[in-house]
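What follows is a group of structures, each given as structure tokens.
Shared chain: chain A. Partners: chain B in the first complex, chain C in the second.
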Partner chain A sequence: MTFLEALLQHSPALVIATPLLSAFLLPLVGRINAKVRDVFALVMLGVTCCFVGLLASDVLSHGPRVYIFGAQNLNVPLVRILFEVDSMGIFMAIITVMLAVIAVIYSWSFLRREDGLDKYYTLLLLVVTSALGMELTGDIFNFFVFLEISCIASCALIAFWVAEGEALEAAFKYIVISSVGALFILFAIGIFYAQYNALNIATLAHLLQFTFLDKFALVILLVSLGMKAGLAPMHMWLPDTYGRAPPSIVLIIMSATLASFYGILRVVFTFYGNVLTTSLRFSLPAHVVIGWILIALAIVSILIGVIMALVQTDLLRLIGYVAVAEIGYMFLAIGASVASLGAPYATVALHGGILHIFNDAVDIGLLFLVAGAIYYVTKKRSLDDISGLARTMKFTTIFFMIGLLAVAGMPPLNGFTSKFLIYESVYQLNPILSIIALLGSILLLAIFVKVLYAAFLGSELPALKGVTEAPKSMLLAMGFLAGFAIFIGLFPNLLLDTLVKPAASALLDHAQYISMVVGGL
Partner chain B sequence: MFSLESGSGFWNPLLWILVLVITFLLFYGIRGFGKSTYKKGTEQTKVFLSGNKETTPEEMHIKASNLYWGFTTSMKSLYSVLRKMHSGNTSDYILWFVLVLAVLFLILGVL
Partner chain C sequence: MIEYIPFIAVVAMILIGLYAVMFRRNLIKIVIGISIIESGVNLFLIILGYRDGGVAPIFTSLPPGTKYPEEMVLPVPQALTLTSIVIGVAVLALMLSLVMHIYRKYGTLDVQKIRRLKE
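Our next item is the complex of A and B:
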């Protein structure tokens, strides 16, 4: 076995082990020099990227991979954890490492003057580890463990600006919401374990009977993971948290939030994939009921997100509400896909939903970084206190405009590509849904035109006379995301064919996911 | 490679850019017909405010909280409900979680 083959064989473990071990090594490296520590964090994330890339090339060309931690013999009960990596899991892992690398580059300048950066990078790497774990694991209890790690590490990061009372309050809210959600998820896992004596996702999906208790567990998982993903009306923690955490951290928390959304995809399509066509009372198929529940919550998210964002004056909070609306678009696509399972447009909706995960990470991430750059140079959060920044922050203004147009779904940027697929497929399910989605996008444009006018255009305020452009590393991080937004917008098929369609196929073909474990290793 | 198919339609970003470029050239051409003989710094380039005195740019800037005043005022009742909903109290956040759980239990329990 060559070195590369060995790396490939153990890549699922290495994807988790690299950031995890780096997290605990980092305080030691930090003793050498702050610069060495910063570079070390980036290099180790780069190495993680390489392992994710290696694993992605293998999974995309040879199908799902199963990696066993512990006993290889299936007759020995419980003494193992399985990682099952399919195209969907690897798609999410790519988003996670991309956001992490950009967050670290941004942090170099953004947090240059702050203390406690050893702990900051340690916690950042722990959140990355937990998000990757949630995305690659094939074990429901292991998913819960990674979720808990994510909650605790994220909470500490949110409170990074500990001197500000609001940061502590936001962290408190986050830990309460996350803990309640995680406890309910543990309760659902208990229900599965009590009934089927298994914790492996594929095994459970194979055994699931859709009993009353299974329905109970489904509701708990949907609502708890929905709350973690920022689905309305359980979204209130999100603007509070995103509005108070350092913007570089928001990128990392976003990856954990998207991992929770991934959890919902896994629950609906893989866990309950076998029983989605079961007929309930009044001859209603289960997938129609579940799909319309998701659609209803999605519509609430889009409307509440945009309506509340319109009146915000705190830029970070405003983007937080926009993030809620964007989560709504993802749920709308997934809900439409589940409700119309089997119809040709169900797959298109799923493609749109999955592509929108990537676009949301890029566009909302970019807007948070722009908001961070404004805060960095002006030390002001309120839009009422800033004006005319385009005169001095030319690059930041350009990046903001790219983010603005992308989030509002304006062509030819990336946001349009996924929204185009969502509008077209949702229209075929029910035209009213498509109209609401379009209305949401129009309001999103109105919201960001307000920000553009208030922050960047207009006269230069006397208090902001000495303002200069953001530092280079922050511009570089924003430039990466803006570049992605343009590139995906111009070449949508590149991402769609390479990553999105295989991810959608992996979700729809739950039999393959199950057979990888249940069919024998 | 460039054309995105949705099953019921298609989207080609290059086509869109081509349309944008043609539109830009068209408007640039129309702009060329305008007079370029105006004098900078004279009354010709000053804003006409129905005879009122022009204030300083700082005073003229409309703050973000004043934008969309008409929309927010007409939707006052909706905003008062939404503001009450977003109380900032963690107990209320959990209450919403429990409420959604209860409603979904009821829907899937009945069905």
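Our next item is the complex of A and C:
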């Protein structure tokens, strides 16, 4: 076995191990010198990227991979944890490492004047580890453990600006919401274990009977994961935390949020995949009920996000509400896909939803980085206090305009593709839904044009005389995201064919996911 | 009936905890509420693994004559509970330190008064 093959074989473990170990090595490295520490964090994330890439190429060409921690064969006593990596998991892992690398590059300049950065990078790598773990694991208890890691580490990161009371408030809100959510997920895990004596997702999905307790557990899982993903009506923590955490952290927390969203996909499509077509009362199949509930919550999210964003004056908080609306679009696509399971447009909706995960990460991430750059140079949060920045911050203005058009779903940029897929498929389910979704997009455009006028155009304020362009590493990070937005906008098929379609078929083909574990091992 | 009492206790603890988290105004009481939910869930996991008259699930030192695995208490829920307790301690410590900082900043623990993040 060559070295590369060995790496490939153990890549699921290495993807988790590299950021985890480097997280704890980092304070030691930080003793040497701050520059070495920053480079170390980036290099270790780069190594993780390589492992994710290696794993992705393998999974996409040879199908799902199972990696066993612990006992290799089924003799008693059985002590082991399985990782099961399919194209959906790896798609999310790619998004996570991408966001992490960009956040680290951005924080080089952004947090240059702060202290406590050893702990900052440690926690950042821990959140990355936990998000990757949630995405790659095949064991539901393991999922819970990674969820708790992400909850603890992100909460500490949100309170990074500990001198501000608002940051503490946001962090406390976040930890209350996410720890209660995580405890309920543990309760649901207990319910599964009591009935089926198993913790593996594939085994559980195979055994699931859809008893009353299973329905109860489904409700608990959807509510708690939806809460962590920022779905209305439990969205209120999201603008608070996104608005108060340092913008580089927002990218990382966003990857944890998206991992929770992935958890919902996994629960609905894989976990309950076998029983989705079972009839509930009044001969309504379960998938229609689940789908329409998700759609209703998604519509509420879109409307709340957009309407609340309209009245905000704090730029970071405004983008936080837009993030709620974007989460709503993802749920709308997923709900439509579940509700119309089996129809040809269900697959289209799923493609749109999965592509929108990526686009949301890129667009909202870009806008947060731009808002962070404005905050960095002006130290102002409110839109009333900033004006005429386009004169001095040319690149930032361009990046903001790219982000604006991408979020609003304007044609040459990436948001257009996914939103168009969503409108198109949702229209076939019910035209009113697609009208609401379109209306939301138009309002998003209006909101950001307002921000563009308020912050970048207009007369120069005397208080902002000394403002200069943002530092280079911040521009580089924004440039990466803007580049992604344009590239995917121009060549959406590249991403659709290589990553999104395999991910969607992996979700729809739950039988394959189950047979990987239940049949052979 | 008697065997349902632990489950009733679990539900009661979770509901009491939820009540505290949602309707109490003092931050410390919210933290206590989360602890109560956590204890309820841990209790739930422990009851799941309980077997009447079972022995401790240590595979290498089973008392002679015990049938494996029928006469053993289930080991997995206990492992889960241990993990969950450890996580719970970490969350509790973090929450209390946040409460401490909030008290220093705002001079109060009343949620109604700690509301700079409005709208």
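Keep this in mind: the second predicted complex is superposed on the first by the 518 of 521 C-alpha atoms of A that agree within 3 Å, B and C clash if a C-alpha of one lies under 4 Å from a C-alpha of the other, contacts with A are read in each partner's own complex, and residues count from 1 in each chain.
Following the convention adopted for this analysis, contacts are C-beta pairs under 8 Å (C-beta built on N, C-alpha and C of every residue); 3 or more make two chains touch, one makes a residue touch a chain.
This structure is a prediction, so every number in the text was calculated from the model and none was measured.
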| item | value |
| --- | --- |
| Touched partner set for A:V145, first chain B, second chain C, both or neither | second |
| Contacts of A:M308 with chain B and chain C, given as first, second, both or neither | both |
| Chain B versus chain C as contact partner of A:Y453, first or second or both or neither | first |
| Contacts of A:Y193 with chain B and chain C, given as first, second, both or neither | second |
| Chain B versus chain C as contact partner of A:V176, first or second or both or neither | both |
| Touching partner for A:A259 - first (chain B), second (chain C), both, neither | neither |
| First, second, both or neither for A:I364, with chain B first and chain C second | neither |
| Chain B versus chain C as contact partner of A:A93, first or second or both or neither | neither |
| Partner chain(s) touched by A:E166 [first = chain B, second = chain C, both, neither] | second |
| More chain A residues in contact [chain B versus chain C] | B |
| Chain C-contacting residues of chain A that also contact chain B | 172-173, 176, 180, 184, 240, 308, 311 |
| Complex contact set, residues of chain A against chain B | 172-173, 176-177, 180-181, 184, 212, 215-216, 218-220, 222-223, 226-227, 233-234, 236-237, 240, 280-282, 284, 289, 293, 297, 304, 307-308, 310-311, 313, 344-345, 348, 382-384, 387-388, 411-412, 416-417, 420-421, 424-425, 428, 446, 450-451, 453-455, 458-462, 489-494, 496 |
| Contact footprint of chain C on chain A as seen in their complex | 76-77, 141, 145, 148, 151-152, 155-156, 159, 162, 165-166, 168-173, 175-176, 179-180, 183-184, 186-187, 189-190, 193-194, 199, 240, 243-244, 308, 311-312 |
| Of all residues in chain B, those that touch chain A in their complex | 1-4, 6-9, 11, 13-14, 16-17, 56-58, 60-65, 67-68, 71-72, 75, 78-79, 82, 85-86, 88, 90, 92-94, 96-97, 99-101, 104-105, 107-111 |
| Contacting residues of chain C [partner chain A, same complex] | 14, 18, 21, 27, 30, 34, 37-38, 41, 44-45, 48, 59, 68-69, 75-77, 80, 83-84, 87, 90-91, 94-95, 98-99, 101-102, 105-106, 114-117, 119 |
